[in-house]
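Shared between the two complexes below is chain A, which has chain B as its partner in the first and chain C in the second.
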Partner chain A sequence: MAPGPWWRIGWRNLGRNRRRTLITAAGLAFGYLAVVLLVGWMEGLTAEMIESGTSTLSGQLQVHDLDYRPERKIYDTIGGRDGADVDRLLGEVAADPAIEAAAARVFGGGLVSSGEATTAGVLVGIDPARERRVSNLLRALTAGQPPEPGTNEILIGSEMARQLDVDIGDEIILVVPAADGSMGNDLYTVSGIFRSGLAELDASYAMMPIESLQTLVVLDPNRIHEIAASTVDPWLAPEAADRIRARLEPLGLGIEVEPWTRLRPEMLDYAQLAQAWNWVIIVIVFGIAIFGVLNTMLMATYERRREFAVMLALGTSPLAVARTVLAEALSLGVLSLVAGAIITFPVMIWFHNSPPDLSFLYGDYTFFGALIRPRLRVEYSLEMWLLTGIALLLTAIIASLYPAIRSARVPPADTLSGL
Partner chain B sequence: MSGGRPLTVLRDINLEIEARSAVAIVGPSGSGKTTLLALLAGLDLPTAGSVTLDGQLLNDLTEDERATLRAEKVGFVFQSFQLIPTLTALENVLVPIELQARAAKHDGSEPERRARELLARVGLADREHHYPAQLSGGEQQRVGLARAFANRPKILMADEPTGNLDADTGGTVIDLMVRLNQEEGTTLLLVTHDTQLASKAHRIVRLSGGAVVEDRRVSAP
Partner chain C sequence: MKHQRLLVLAALLLALPGRAGAQESARDIIDRVDRILRGESSHGIATMEVVTENWERNVTMEIWSLGTDYSLIRVRAPKKEEGTATLKAEDDIWNYLPRVDRTIKIPASMMMGSWMGSHFTNDDLVKESRLIDDYDIEISFEGPRDGPEVWEFLLTPKAEAAVVWGRIEYQVRKDDLMPTWARYYDEDGNLKRTLDFGDYRSMGGRLVPAVMDMRPEDKPSERTTVRYSELEFNIDIDQSFFSLRNLRSGVR
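Let's look at the complex of A and B:
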């Protein structure tokens, strides 16, 4: 059956008072822009928090001995005191399709001294070539260069350098408890200084070639504390961890494979909270819009009481009259959605690719232990665009229910009296 | 209700209208002419008594059933034309046909052909794509006539169809309505002050104070 005249009437009625239609459609379209942009910013902030929080040092996924966390004892290396085939482990982790790169690490903790100054430090033994693809610290150098393998070079944070009053080429002394119960100590040359922006890292962390730290803390070359990995997408880390755990299980090493969602549950909680806020934003913005549309539709339908009475007299059922009003509202919603999309997507592309930099207002800040740059970066979310579009159409329809019911209840005899 | 008190608009009306006859309901303003027309069309229901339309007791029908009955059997002509402003002349004429098709749960046969034919019969073949605002009053009422006959109604109800037209245009509309009424074999029920129009009817019913004060047969249908 061909569509009745009611859709035509609903659609064309939008053109009867174009200014009113344009104002209402503009309100809904800007509501769409506001929601998509706000949600995009929330998602952008969340994405930056996760990226920064996982990429600065921790990586998106880590492999440890089952007993290593949370105490992080120096002798709880992967594979226990016998150690493991590190190259094979790295190969198995990197073989997962979601993994971008993997790097082995050794940790130690002790005193870092220079002259009269001494500070506590966390020492990280790294393979600089691999580490560069897993974390960002080696890219945050403010001076010098990463430590060369096979040397006694060390990379320290800018705050540690300030506290120790050292610069590139200066020597520092490390005194650390070793895995065999002895105290390891040696002289190291500062090859580089990094500045991550995170106070804890810049004041306490130092990085050196992995074999150099293994020597210092008396660990064999096959004994490491951690394999850290980066993923192509942070949200793929949980599934990748499951696959890698299953892949490594036959080796019988007694290891844990944990994604960032378990290593940094507070970040996951925030991401989930942000998603819940997306709905709050939708409800608030379109909740306000409902009253604007309701006002417009009430005025429009009141002006058309006689038209509805004629339609009822000609044999239109009250339900069909209501349908005409709802068709008009839905047409208005579609028009607004198209207008909203036209103004929203260029703004989204701009804010995604060249987010306005607000560093002239305030500097970097930390959020859940992640360094956030003051930029209005937005993330694309097709799902939220669609849901916001549906919310816009529902707003138009819900706002028109009452006017539609009133229109269907127009008393034709009284209204047509004297026509 | 008027001023919080019940108001009796019609009383003791006992009227039977023969099929294919033309009946004019006349009387002064406030005599209940339009209310009677609304009751006969099922737009309203009487608080007492009953109305039967083409053998169907309207009192027993729901609002939707009465709407369906009107779509199938009743045509309307209004004093102020009352075309739907967002539809073209052709689309306005199509409305009752589409409603009838829906009521009968099937598509009408060639509804556009029927609508075009009616517009041609009222002399508006070249104005079918014009909107009401682009038509003169007389043209709008001719579209109203075409719309009223579109669903081949058994009864045509016209409420002051020439009330908003000048004498010449009103005369043209009257002639058209009478001619179409004869050609289509429709029962015509006219509410009018226009004596020229009333004179075209077979029977004149005069109301006063809500009661029939005269029921005069002028000619045979």
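Let's look at the complex of A and C:
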């Protein structure tokens, strides 16, 4: 807009009926608060789902033999039958800047038995020191401690412990089909019990030192099924996977490197759906606000019909009249935005740093196989804050277009003669 | 018109007892075959050769059975698994693991799991003896097939039977009641596996197939072959032999 008195006129007009201005600005400011908070909460929920879904066990990125998924046969170890240099692979994966930590895993499936009770179990061979930095399961112990490397210790889920009626220090028997066709079997001591909140994990997963499981299923120490890695930010995983794939390509092992977005496409779909919803929220909230602002501006301009008539009669162009109205609306928008930011950010900072605990309303729940805590966690999103601010200003302008046009079309003679 | 109806009725009346009789005799034949192969009780030594895409192995085992409800199988070789034993008593299966000196009962959820890494399942051990109870049996073919006269039976599961197969086809030679093959189909009618019998010879005073060969249809290179080297029938054995205590104690 060209510089001129229109801005000053618009701004000053806001002060003519301060109460009305304040109420309208408050409406827009609360609209801003509502959008930023709702969007922040939805992003918080998505982030919680992704973090929980990937860091409970799977990690944000996994390396397997090309043949391993989806059947997960015990023979399809990384590098095939000959195995691979596990330490080197771990080093290569962990060397990527987006990777926080990487850990090797061996899987087996068989019977877990104690006394009369027997259940089917998924056995995961882990390196406890490394695993602790990749997945959360070792931090979710309700009793005892992780299995000690070099021992026949085992960590089992709380539901499995209940089914087998065992506690810390009790012995359980594992019977597992081994890679050579024999039935591997041995006694293990329960060193710890975990509770992830995910029924499947708690009922059927058991973790033991990796070399102990390799012995049980007759796999050489250089044969592992999976390298799982955690990333500094889940959204960096796809690029990290591409880089690691390129880095491991020369080894010629025939492996796949998959980020969680490909291992768990449904979670990615949900995250994208949630982002699409952000726009819906903006449209609904400001769609309502438009009519509030429109009402105020119509009132304000109707009161000033005589004023506009005088301006027009003195030779002000209709466009200039419209400008004063738009300038007024935009000033109102800026005022509202400042007010909105002032009330929004303290709330955001509070909800981000110590999310209100809603566990008195409802308990933990699972969502896409991820455990969600009942908290109003919000995520910051600079992009959405800016977009919401722009949406607020646009709302003010769109709402005042009609009043502006009406003001510009006030017939001077008729209005001044009191018609 | 009326005439025709009468004829149809007459035909039905005549046919019904005939069909019932055929059903009866099909069951009888299967039952007789079963009795020959099983005897009142039996004791034998067999070698099981398992060939898979990933490994091959031979297991030598000693087998006792009593009627259809009880059997005990004890591994004699290889050394690593010597003493491992399986007890089948009615519907339950226990495994004894000498290394940890424990018995474990196979849970219902693992019944379809492989038995000792072979192409037989735990369920086979339990259900194999109950074909007559679980299936409706009819003769689908009778006459010469590649030479000898045979019966072919079609076994379809009874409505209330908890079985895994959609149907089983079973061929038996007419002259000596020796089974030649059995084919197992899933519920969609796809052939899943074939059990071939062979090397018919006299053991323990009766003619039996000394070799059973199980081949899964989806992995043509894989098979499990069980070959009996010794077999005797109607031995002096009773139910108390098939106890958990005996399973654990390791009879030699």
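Throughout what follows, the second predicted complex is superposed on the first by the 415 of 419 C-alpha atoms of A that agree within 3 Å, B and C clash if a C-alpha of one lies under 4 Å from a C-alpha of the other, contacts with A are read in each partner's own complex, and residues count from 1 in each chain.
The rule is short, and it goes like this: contacts are C-beta pairs under 8 Å (C-beta built on N, C-alpha and C of every residue); 3 or more make two chains touch, one makes a residue touch a chain.
As the structure is a prediction and not an experimental result, all values here were calculated from the model.
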{"item": "Chain A as common anchor, with chain B and chain C clashing or fitting", "value": "fit"}
{"item": "Inter-centroid angle chain B-chain A-chain C after superposition on A [Cα, multiple of 10°]", "value": "150"}
{"item": "Which of chain B and chain C A:T24 touches, first, second, both or neither", "value": "neither"}
{"item": "Partner chain in contact with A:N13 - chain B first, chain C second, else both or neither", "value": "first"}
{"item": "Contacts of A:S196 with chain B and chain C, given as first, second, both or neither", "value": "neither"}
{"item": "Contacts of A:S317 with chain B and chain C, given as first, second, both or neither", "value": "first"}
{"item": "First (chain B), second (chain C), both or neither touched by A:S182", "value": "second"}
{"item": "Chain B versus chain C as contact partner of A:P412, first or second or both or neither", "value": "first"}
{"item": "Partner touching more residues of chain A, whether chain B or chain C", "value": "B"}
{"item": "First (chain B), second (chain C), both or neither touched by A:L111", "value": "second"}
{"item": "First (chain B), second (chain C), both or neither touched by A:I173", "value": "second"}
{"item": "First, second, both or neither for A:A120, with chain B first and chain C second", "value": "second"}
{"item": "Nearest-approach distance, in Å, of chain C Cα atoms to those of chain B in the combined model", "value": "83"}
{"item": "Chain C contact footprint on chain A (complex, rising order)", "value": "75, 111, 113, 116, 118-120, 173, 175, 177, 179-183, 185-187"}
{"item": "Parts of chain A lying in touch with chain B, wherever the complex brings them together", "value": "1-2, 4-5, 8-9, 12-13, 15-16, 306-307, 310-319, 411-414, 416-419"}
{"item": "Residue ranges of chain B touching chain A (in the complex, touch as defined)", "value": "34-35, 38-39, 41, 43-44, 63-64, 67-72, 74, 76, 78-80, 82, 84-87, 91, 94-96, 98-103, 107, 147, 151, 159"}
{"item": "Chain A partner contacts - residues on chain C that touch it in the complex", "value": "50, 52, 54-57, 80-81, 84, 95, 97, 99-100, 102, 104-107, 109-110, 114, 116-117"}
